[in-house]
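The data blocks that follow each hold one structure.
Next, two complexes with chain A in common: one pairs it with chain B, the other with chain C.
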Partner chain A sequence: MTATDTPPLHTDAVPPAPAAAPRRRRLSERRAKILAFAVLTAPMLIGLGIFRYVAIGWSFLLSFSEARRTIALGDWVGLDNYQQLLSDERFRGSLTMIVLFTALIVPLTFAASLGLAVLVNRVRRGRAFFRTAFLLPAAVSYVAAAMIWKMSLFSGVPSGLANTLGALFGADPTPWIQTQSPPLYWIVLVTLRLWLQVGLYMILFIAGLQSIPRHLYEAAELDGAGPWRTFRSITFPMLRNTSVAILLLMLIAALQAFDEFYTIFSTGASLGSEPVRTPLMHLYGVALQDQDYGVGSAGAFLLTLLIVLVTLLQGRILGFARDKD
Partner chain B sequence: MTSTLDAPRTAPRPAGVKRPPRASRLRGTLLGSVLTYLALCLLAAVCLIPFYMLLRNALMTTPEVTSTDWQWLPGALHWENFTGLFDNPERPFGRSLMNSLIIAVVTAPVATLFASMAGYALARIAVPGRAVVLALIVGTLMIPQAVTFLPTFVVVGSMGGVNTMWGLIAPGLFNAFAVVLFRSFYLSFPAEIEEAGRLDGLSHLGVYRRLILPNSTTMIASLGALSFIDAWNSFLWPLMIGQDPNSWTVQIALSSFLTSQTVDLPELFAGTVVAILPLVIMFLVAQRHIVQGIAMSGLKS
Partner chain C sequence: MTARSALSRRGFLGTSMLFVAGSVVACSSDPQGTAAANGADVTLTQWYHQYGEEGTQAAVKRYAAEFTEAHPGIAINVVWGADVSQYETKLNAALLGDDAPDIFELGDFRAEMARKGQLEPLDDVYGAAKSGFNKADLDYLTVDGKLYAIKTMDDIMVLYYRKSLLKKAGVTPPSTFAELTDAAKKLTSDGTKGLFIGNDGIGDSPYLLAWSEGVDLIDGDKVVYADAARSIGGLRDLHADKSVLLGFTTDWYDPGAFNQGAAAMQWCGLWALPAVEKELGDDFGVLPWPAYDKKGRAVARLGGWSQAIHARSKHVAEAKKYLEWLWVKQTDLQIDWAVKYGFHVPAQTEVAAKTPEFGKGAAKEAARISTEHGKSFPAEWTQAMQAGFIAAAAAVAKGAAPARTLDKAQAKAQADLDKQTV
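Right, the complex of A and B next:
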């Protein structure tokens, strides 16, 4: 970012009028500043005001009112909406589901993307190719990936890739998505998200790796430290801040999962009957199918609460780790 | 950053462990790099399998796709799967592609410009109350994005935005996180440029438009690319707002394949190819900007 490509300043500009009274000039200069600030920040403030502040405030009030097929306020019911949701077994099930899913996908993605980053960062030749290969899945939407996973890789018919491979070993065709016990559909969900996200986080880890001073590695090599020892004593501790940031991103993303779950389980089944649902899917059903905006809003705040709790918990655990060293 | 100091201290090998002789170490690194390449090639192949399966299926006939006899490649390339996509009256695929294109092409520059404007003002124009404005903007980041979908739907719905283009686009134009990124970018911007502009009689807005914006192109390209990707791939919001097939985006049209009575498999895969192609091309062409954008936005959080 240099100033060399600056366009030529326009030379025909009116030179600043010689001010009669410097005080007045300072005042008008101040006003000009405020005006410029207002113009530059207005679109963002208005947009966030309407789509965040007003929206969330309204929704918060709706969560305390009876609001079926209406978004009008007034029919206050206290905490009924929250109670109704929390006593709804399917919503509670969706919360359990998403916590399990998060506990599974986050460590896996973390380990896989860190491993890839270390490997890619180690090679000299072909680094760009490997980076592209691993990043390319990030271009694919969850819906598109769900199509490939559901209809081709893990489709229940014998021509699916997983079943074709299984047949090589004499296995019978398996309905991967429909099998609930053992829950084979977890393999489908986890591999999909892993494939789609691993490249993104790999990029972040590579950026972190490249900010580690080289002399540390040289010192370690002089001391005869092997690759594993080097990783444990230098790379991993030096990636601490990167790791904490990445973990946070992964947690938040996993807890809000919707697209691929919806595409795999909901389309085709009538809504509400899908075997696997995330909290967001449940809320989508409540708000869009039942048009119960009160309960839906309550759910949005419960989900926020869950996300905030998990991130606080993560902060606490990792915060303690920091205090120790 | 205490670990900077700690790390070398842990490096000395514990007493009693003898240093491996030089030759075997050399062989070790050679073996190591061969293994590294081998592992990377294998993993890259696994990563590319879904793309291969998708392309293969998109160019096959239905009997070929569903055949239990494995075929590496289609017998003949059936491009008609792609043309067939566009003449199904039940699923306006062409229209939905157009909608997605409009949404992404409008969202990326406008959202990036708004964020840059606010970021610049917050970084460089000192006015009373600036900290409050910054807090108002940063405050929206505390709430997870997907949780705002229902509140936003309530607001947009009440303004008549269901099934409209503006309803699909408007809420995505305000990215508080990009404001934070632009702000820290402009905070480290050399002050000489602005001073020169001011001396030349440019107003604050003039300085921004003529000097700051042209000097933020890499930043704008990176965040604009990410914004384009998000807009193109977004699903939940268009699913709620675009209820009428005419306001579907390409992601919605794609998911509608699974709800239709009879699934034309090759056409489904052809549709998936079309849906991901623009971004795959973008990733291949503008990877530098995308990588930069990802690294920037990921590590700032």
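Right, the complex of A and C next:
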């Protein structure tokens, strides 16, 4: 049998043409989908690339070069900028301060927003009202809120709200922000941050609470579990993933603190007399006021490193996006 | 059904494209492109920070229009910018790019800008008129023998005191630091504190204390402020008897605390004088910061704004022509600018002498303080040096050992200064 003997098998059960057509159509459909995807996401991706990743990369290179009043690269100095920052007592102090601040404010915000979420979720009537009422402060800008805290609630004059309340109990007018022993300014900073943030995290917790199946609570009730037991054994474990995600957001927000510290301690000139400063306040002065972009970039990466480390540590301990088992 | 959804998809795509195109056009066109460039060959962009006083924006636009009338080839595009706290940051960012202004204002003059080639030397703009300018200003704006900016107004800061309250407490206007501390203590009574220097209780006082002891911040290429450990140590005494007002609703640059009687003496700027006069009539006087002791000298901080030309501007010659026309020659406009909106001293001594507002009373005294006691920050002074210095002084006020604390901050500032001058 030779090849020439056998005619091509035109008599196949499935004719080739109709078989190829759907495949081609399927292919071109796929190509069209890819094209559409590319067209629709390209502006976003290109923007993200240029304004985020190129900028981050550039800043990384800047952190290894001497760049005062310029963002040109070329004057390489190795790790000098990092070394200069880390040997700066004021910057090291700000790093210590921010870690302590985070360790204090995150559990507080967490407990307050979770507690509020559980309470609001239990309310039978007017739940939407309470939800909105507690969320509203999240819409206020940090700077505006800090001005209110500084100038009307906690101002040092006798007519400030805190001092008016104090006077009812016979206390002398106190300069809240300026008193350093005891450090009363922490009351101002912590209440402000709680007021601004608790509402938003409360909403996230409520969303988590509402996804817990009702039958678990019914079963617990049948078994005679009280409210505290129900919270400890059902609510809290079922909120695990929500909690881990919220903790992460809180940690990052706390480590990046700037606005309210800056507004409350600013004096109309450059800073200097503030009792505590955050790393971003330090870097704002170095990079944007003194125009030392090299050291400023180095500081930005040190802070990023700190955030990454804390996040990894948190993931290690609590497990981020781990399965529920 | 299919046709309709396809159409709407295409419609959606078309709309998105229009949106993207629109944004591109919107971003690429100059948002401030309102220059009256009709027929002008050259349009200069000039940046101002946002003055709080009413009428200032219209005034600078009027000056620009008058210049264009006299020089038809040159138009000025006035860009009214950010407020004081943001202005320098925005200016610095703009100077790094291609869209930098040709002419701009500077609050704190930075020698580093001149050394890094960002500023055009302006000696030829001053010309023969140079000797008529406030000497303290010329020193301040000179870097390595060349003038790099021109002062458009002098803001002198002085100590306001309430005559009637001092009389009631039986104190005379203080002429030494010891007298100031003592006066503050005696003036403190229920609801009134003796002295207001800033909500943080520090304000400008560390500078004033050092200067009043006869110590400079920077001497040549050395930072020397630690020599003022004795006078800055005085901050602790000042705070010891709680006679300093802290945490008022407005800060030291606003006369609120003084006008409302929350403080009997306040360190504030000349800009507040009209408001104080309106509120208190002639029941107030102004003083320089007293000499630290008999061997020291009275001082006052001299601030204000200057204008400079970007060295990379394509129209340096035209920009110089404009600055010379406005800030050297047009004395009427300089007086208008100094006293018709806010209250500032014109930078040319002769012009200041001609200004009727400075002919009598506290204003006349303030103008005298400006020329005799005025002192500006060194042009090498940076935010980092300021923050380090103020932080050290604040620590001293709380009880840290003055010499050791200041020495440490000074070493850090020295490293900063060395970096600038290489």
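For this structure, a couple of remarks:
Note that the second predicted complex is superposed on the first by the 276 of 325 C-alpha atoms of A that agree within 3 Å, B and C clash if a C-alpha of one lies under 4 Å from a C-alpha of the other, contacts with A are read in each partner's own complex, and residues count from 1 in each chain.
As a convention for this text, contacts are C-beta pairs under 8 Å (C-beta built on N, C-alpha and C of every residue); 3 or more make two chains touch, one makes a residue touch a chain.
Being a predicted model, the structure only gives us computed values, none of them experimental.
Once the complexes are laid over each other on chain A, chain B and chain C cannot both fit and instead clash. Contacts of A:Met151 after superposition: both chain B and chain C are touched.
Contact with neither chain B nor chain C is seen for A:Ala103 once the two complexes are overlaid on the shared chain.
Touch criterion met: A:Gln291 reaches chain C, while chain B stays clear of it.
Between chain B and chain C, more residues of chain A are touched by B. By the document's definition of touching, both partners, chain B and chain C, reach A:Pro43.
In the superposition on chain A, A:Ile177 makes contact with chain C only, not with chain B.
Once chain A of one complex is fitted onto chain A of the other, the partner contacts of A:Ile71 extend to both chain B and chain C. Residue contacts after overlaying the shared chain place A:Leu312 against neither chain B nor chain C.
Looking at the shared chain after the overlay, A:Asp88 reaches chain C, while chain B stays out of its contact range. Once the two complexes are laid over each other on the shared chain, residue contacts for A:Ala111 go to neither chain B nor chain C.
In the superposition on chain A, the residues of chain A contacted by chain B and by chain C overlap at 39-40, 43, 71, 151-152, 157-158, 267-268, 288.
If you check the complex, the residues on chain A that touch chain B are 1, 3, 5-7, 9-11, 13-16, 32-34, 36-37, 39-41, 43-45, 47-48, 50-56, 58-59, 62, 71, 116, 119-120, 122-123, 126, 129-153, 157-159, 161, 164, 167, 195, 198-201, 203-204, 206-208, 213, 216, 219-220, 223-225, 227, 233-234, 237-238, 240, 242, 245-246, 248-249, 252, 255-256, 258-259, 262-263, 267-268, 280, 283-284, 287-288, 293, 296-297, 299-301, 303-304, 307, 325.
Across the interface of their complex, chain A is touched by residues 13, 16, 20, 85, 88-89, 92, 95-96, 112-113, 116, 118, 191, 198-204, 245-253, 262, 382-384, 386-391, 393-394, 398, 408, 412, 419-420 of chain C. By the touch rule above, chain A contacts chain C in their complex via residues 39-40, 43, 68-71, 88-90, 151-152, 154-158, 160, 175-178, 180-181, 265-274, 285-286, 288-292.
By the touch criterion stated above, chain B contacts chain A in their complex at residues 2-4, 6-8, 10-13, 19-20, 32-33, 36-37, 39-40, 43-44, 47-51, 53-54, 57, 65-68, 70, 114-115, 117-118, 120-122, 125-127, 130, 133, 136-137, 140, 143-158, 170-171, 173-174, 176, 179, 189-190, 192-193, 196-197, 200-205, 208, 210-211, 214-216, 218-219, 229, 232-233, 235-236, 239-240, 251, 254-259, 263, 265, 268-269, 272, 275-276, 279-280, 282-284, 287, 290-291, 294-295, 298-299, 301.
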